[in-house]
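Per-chain residue numbering starts at 1, and chain names A, B, C, D and E are given in the order in which the chains are listed.
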């Protein structure tokens, strides 16, 4: 009917959009969650394997390991568009170039490290799928929630010193400035003991012992009992948080995927660290 | 007897190649494939019942993939043979000289920093990988030359080992520092022929043909060198020049293989042994046969890699060893029992 | 001259060890450390100005770490020497025989499936890793024996290579399939001494001392074997038995090292060369010196690994090669220039 | 005299193919048995069997004991073998290499040499004239020097029976003569004997007490040197007139 | 006659230390020059220099041309060397090994043998009596058989000058004699010459046209065989009475 529209995705690739988007492949759980929230759930024909279990997907949706996808399957699914993630790209080169040759448009979403980035993700997906109104509602809802926590935290004077762990022993990993998690911690008024480090940093056990946090949070979900594991580490009993039994688990999916759902994690963190303010 | 065996090897190679084009998510017939190829090459009309999807899958995905797998396997088989007999060490392979650590390091750097050279586009990773693999080998040769004018095998091996471990360490540190890219880097390193289109095949043909021509012309020299440097010199081999050229060209082979498809192991170490077992010691047989065997094994492994857990794939580098090891054990030890 | 060099090597080892206990995120003095050690061992009173944090850091983190690093380095250095001279191949190392792929595979499995054997607790990973590393070597020996009664070096090397590549492939497939655990597995493999407490040191002492005693008693036999099997036999060496024992005990060494701290490379390949360069060929010198050099290099690397980008750490396996390579180049090629 | 070594009906070879077929002989204490024969007739194979490096059928006894029943270390105290082709992998020094010959006499796991050991090593070094090269690395020696290192190592083993596979290869004339004289003198001493493979029939003339002529793995003839060397046996096996050639050449010396 | 090989004031050695010092001689076409001397005096080192395997100072010329100016492949057509110690890494067959001697004559990059090549190879195999073993792997040969393989390979190279470093090592008497006869016959043909290192002075007597006696890297004396062998030169260098020993042995044959 009309001229095909060309957009530039947020990583700078020019993409010719299809006239209609009726079948979508999403390659990251964050994109999948956003698509579902924008009402596109039933148009998704294939998702990456980490998206398994996200509610709102078709039962017959195909699960693909996008680190090692079978291109033939993708082509034979006849998708109108592939919404990929920076995580799929190898060094600026376009891993799905052959799919483009086969006539399938591919857009890439950059890795998000700020809350603003999440808004932009939502807006861009909305733009290419034609659901801008729903996106505006979604974003406004998030902003409203966030403002609520900011207000409460403004009244907290004695900020708790917290260590937030995203990878367990022996390779401890934490987050610091330049990550949306750090932004979230600041919103709820938490003093991250490693705030000055980069957005995702390995940390040594000695450093944690020395920092001596009052509370330890972990969103590790791939070992049996992350809280117990932390408490049982040799030497960690001299840390205040461990000594006072202040080690908590924060839901992994809501805190580790850059989507509108971070407000759920925000709530969980706020209520865990400052129960007295949220009764 | 050699003739019959050569025939057998070639027939197997062709059969596996055909099989590879036929097998995949979308089932096609040999006739379809011929039709598609003729259509693409000579603009012959396409049969109307062929879906454009199917055409895409065969032409854009499957064909280049099979060709690339063969080329890469052949490159690894040939260069493994060269290095093994040049350095007279069963465990030596071009990887020993740092080709793959060089390539992996720069590939890791590119993946981690996420840049791309505009002109090279899609081929930034393979081309830079290739060049750094080669650069590592040149560094090894230059350093060896400095400490040991004779360019003796033991020194080459030691220097290669130390350089390659060093570069590899740098690469490891890279992956440790850029943990977000760790997965990408590791998966790249495991090797795959997925999503490589014709541009990769074109690059592979150029470099691998150059490399193969560069080494195949020295089969007699390799024979002579296996009796020792002095013996080879006395028979008229310019050992210095020949060794350097063989090192460089086999690095071109491995370098392009690694750059185009990741650090796939096994073939380089095992193909020469199988070829020797079947065809004796003369390099005029061993070298091309290793190449064909390497290519065949690679295509076969790729078939398995992309079908066994479809719609995902296994890393082909792992499948190669998984299939190749029992095959090797069978061939190699059949007679000794 | 040898005596002076031995003294030098030992002094360096002790100095580096002391340094390692002193250096870290938290600054302490030698007096503090002595006080803490006396307190822990003999219940002497602690100086009141010492923070419990500091005590924890020194006693629970730093001391076991330094000891473990030394033990692991020594194990790798010694077993590298044994395998290299047994198989007469510069590139051979216990890893060639599949110790590390066996250990890595089962470690990967444990990490991926996330189980732990109740009785072993903390030590599930190292103990299972150790046993599977050893199992791989036993499989290699058994298979070699079947195809070649003489247990000849070339066969051992080939079989080891094929087995280890095979198991490694299985491991790769594991990491590809269980990608959530990929990071954990890869980081484990890169090697680290972080967060290993006294339980690890106790395990290390037991296995590594057994391993060291098992190999040190055969230094004369290793000397003789380097002149060839026949020569050794004619001189009274029960080559079969000795070779098998050396293979097993060096696998115990490497197996425990890998199990306790990941697949750290470099030391096993390089320590023997440096030791030979400095002390000649006799294994009565080369073997213990390799062990001490390996241990020293490992502690030193660990100091760098945990301080250079503090409060983060680098994977010690990578640092080892990064520091060791230039050191090696210096020692090894100083005289040749 | 009692035989110190008795070989009877021995068969042995490689990969299941017999090279040595039905060979029997005895060696008395104090004698040097020379084994001669064309290339490939099985001389080295036979020596390998005598040192139990390869399996054999038949019987090889030292005194009363079958060698396959003896532990290698014990056997090495009785029998030493100089192999025809030796390999060098690590650059041991001359002294270190020769000292390894003492292995079978050292009971500790550490290579601790007693005064006796050291004396025997010195003695062996002196016999082959290597005292001055004791600290040289063996990969920097000439062919003859290296051969002498392995000879010294064999002597350092101090066995009852010494098996020498072409010991004079690479040796210059002086050391050839001295070596064979030393062997003659060595076997006179105590309960000892030697089995020597030689191609140089002049040397056989000079040193052999008995000679076995091997032909295609079988014992063609055996006896005192003159019985073998001056009869037609040589011509039958070698297909040349050895005696004529020898006397021709030797006349040039007689001028 | 014109010298086919002229060596003048040559110094060479290893790691910057001279082993050969100021050696000069010429070899005329049609002659066999034998180099003799004690172990370690530098014979092999000298031959290596003549084949340009090690660098040298001074001058070594073939005809008019300095060998260091000649490309290796061209040089190999002129000079062939049998080394004292050979190594085998891959198990080539006997035929394949000998065929490698033709390398310097093959211009194509493929090892395509012409009829002439094949004839020469056959000839070389026959000369050393290896026709029956042509398809045997060289790692399954006896010492003497292997030595003959390398000899055949050297002959297959079909050079003008053949350098033989102890060629009779490991050979049985028959092949020793045949070899030296073959060399004598070979050098008579066309513009050829041989330089042979030997320890067995009887063989020197039988085959040498001229002899150089090396002593500690220097030329002690040189001349016709009788001039060297029957004078005191030998005794000075070897410190034994060679002649007496030889005539002693001779008597045993002469009986």
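Please note the rule applied: contacts are C-beta pairs under 8 Å (C-beta built on N, C-alpha and C of every residue); 3 or more make two chains touch, one makes a residue touch a chain.
These numbers were taken from a predicted model, which means no experiment stands behind them.
Chains that touch both chain A and chain E are the following: B. For chain E, the chain whose average C-alpha position is most distant is A. If each chain is reduced to the centroid of its CA atoms, chain C and chain D end up 44 Å from each other.
Between the Cα centres of chain C and chain E there is a gap of 51 Å. Computed centre separation for the pair chain A/chain D is 80 angstrom, with centres defined by C-alpha atoms. Along chain B, residues 176, 179, 183, 187, 314-315 each make contact with two or more other chains. Touching of two or more other chains is recorded for residues 65, 67-68, 202 of chain A. Under the contact definition stated at the top, not a single residue of chain E touches 2 or more other chains. Remark: the chains found to touch one another pair up as A-B, A-C, B-C, B-E, C-D, D-E.
Note for the complex: chain E touches chain D at residues 14, 37-40, 43-44, 84-85, 140-145, 148, 166, 169-177, 199-203, 205-206, 225-226, 229-230, 238-240, 242-243, 245-250, 252-255.
Put simply, chain C touches chain A in their complex at residues 24-26, 52-53, 55-57, 59-62, 114, 116, 176, 179-181, 183-184, 187-188, 192, 194-199, 306, 310-313. Of all the residues in chain B, the ones that touch chain C in their complex are 89-92, 96, 143, 146-148, 154, 157-158, 161-163, 165-166, 168-170, 172-173, 175-177, 179, 182-183, 186-187, 190, 265-266, 269-270, 273, 314-315, 317-322, 324-326, 328-329, 332-333, 336-337. On the chain C side of its complex with chain D, the touching residues are 85, 88, 216-221, 223-224, 226-228, 230-231, 233-238, 276, 280-282, 284. Residue ranges of chain A in contact with chain C, taken from their complex: 65, 67-68, 167, 169-172, 194, 197, 201-207, 209-210, 212, 222-224, 233-239.
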